[in-house]
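Below, chain A partners chain B and then partners chain C, in two separate complexes.
Let's look at the complex of A and B:
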């Protein structure tokens, strides 16, 4: 199954990204394992600089900004 | 530039509500309407501009630049400028901090970034332009950047690496692997909705603080006698600067709420230098920030870091009061 991770220490932008992911999944009926990574130590394993980060199957898709619902839907289609 | 807002405020309070311009209530309300509209407009403009800069700012490249080039001490200055133009959210500050040390950037340079990042931010700049004008804003931003440069340089002189958290030290030992991330290629038109939206979100997030801050400011403006603070606090006694700064460190008011109140303090006689120092200590150092940093460094290092920055803020307060 598709693994989605949202990395961010809990700022509003990170929460918005997380909610956008849920919304995109709902709209596309795609099933996925969504995980919110809030622990900085865990986060740094992915070698990131800016948050929030959206990852799909351990690949960074969007970082440093909010991923919009339409954008996530596009990514899900790929 | 803001005349039309003043006309609108005059019209609304004096004509529509019919409250006289000579009453305390009239001046206070007029001041409130004018300032709120002006500040919100400025906030949106500046946050939007910074959003555009941010969207195109090559963070990865800057990291490599700081790391590879011999910059003869200028790397502290560049890191500090970088801290000033990155987003205000401390959420990104800590990952950036680790990313920097991980990438092999010296701790002092990383500290230069960490000091300036909250100290000079777009919300504070917008509020400063609105309440104190361009000149005071330039002084504030420039001195914030210099403070970060000097503070980082000084911290770099100490041997602080052993005081980082164990897991950060471990990261330091096995330097980084390159990420497999591809550069995003989005046109400006594609990015614009997102930039506008996040600017709007930031403004929405602080609007309540702006209104409360300006309301308190407006009330004080109308009712506190002229030169009231000047008589009690502002008379240039040297100890007012350290007291103001030390009081401000544990305070965590966001810039949006605190600037309008400071403006009244200045209008009623507190020297601008003391006010800027107070402002810097409020936004630059805070308990929530210390909590976040605890994850990456020991309490002792946090204390050293806060101590050095506090000292520099106090010194710059003295300097402003001499110069301004």
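Let's look at the complex of A and C:
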């Protein structure tokens, strides 16, 4: 199953990205495990600098800004 | 403060001692934040977090380095990034310029921007 992570300290931009992921999954009926990562030690493992970060199967797809629903849908199609 | 063991953290008062001993301060806030209010210390470079991945090698590896920002959160991630890239003499300053100002330590610019009660999300590129 697809693993999706949204990494960030839990600020408004992180929450918006997380909600956009859920919306994109709803619109595409794609099954995925979605995790919000706010733990600093985990973020450091991935060398996260600017946040939020959207990761799919441990690959950084979007960093330092909100990922839009349409953008996430495109990423899900790949 | 953040729960982690990768990076050593020090407070603003201890940072003053490190500066007296020749440590380099690396401020990772964005340019607009630095233009409003800056740390006033002898050895300081500003590498915004949004440029850090491309410019971190400007930081010397053989020098004591203290990473700083507004609240200590973003600088901690930058410090972790440096440790993961082989830097041995890096620490993070907890609480950032917010506590620095509260302590009356030297700055340049408008300290009124630092009320200390807004979360890190107040500025343009907060987290």
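The rule we apply is simple: the second predicted complex is superposed on the first by the 78 of 78 C-alpha atoms of A that agree within 3 Å, B and C clash if a C-alpha of one lies under 4 Å from a C-alpha of the other, contacts with A are read in each partner's own complex, and residues count from 1 in each chain.
In this section, a residue touches a chain if its C-beta (ideal position, glycine included) is under 8 Å from a C-beta of that chain, and two chains touch if they have at least 3 such contacts.
What you see is a predicted model, and the numbers here were worked out from it, not measured in a lab.
After superposition onto chain A, the modelled positions of chain B and chain C overlap sterically.
In the superposed model, A:40 makes contact with both chain B and chain C. The larger set of touched chain A residues comes from B, when the choice is between chain B and chain C.
In the superposed model, A:27 makes contact with neither chain B nor chain C.
In the superposition on chain A, contact of A:48 is made with both chain B and chain C. Residue contacts after overlaying the shared chain place A:19 against neither chain B nor chain C. Contact with both chain B and chain C is seen for A:9 once the two complexes are overlaid on the shared chain. With both structures placed on the common chain, the touch criterion links A:64 to chain B and to chain C. Looking at chain A, you'll find residues 8-9, 11-14, 40-41, 43-44, 47-51, 64 touch chain B in one structure and chain C in the other. The touching residues of chain A, counted against chain B in their complex, run 8-14, 16, 40-41, 43-44, 46-51, 59-60, 62-66, 68. Chain contact summary for the complex, chain C toward chain A: residues 2-7, 49-50, 52-53, 73-74, 76-78, 80-81, 83-85, 119-121, 125-127. Those residues of chain A whose C-beta lies close enough to touch chain C in the complex are 8-9, 11-14, 39-41, 43-44, 47-52, 64.
Those residues of chain B lying in contact with chain A across their complex are 54-55, 59-60, 63, 87, 89-92, 94-96, 98-99, 102, 167, 171, 176-177, 179-181, 184, 193-194, 197-198, 201, 205, 292, 295-296.
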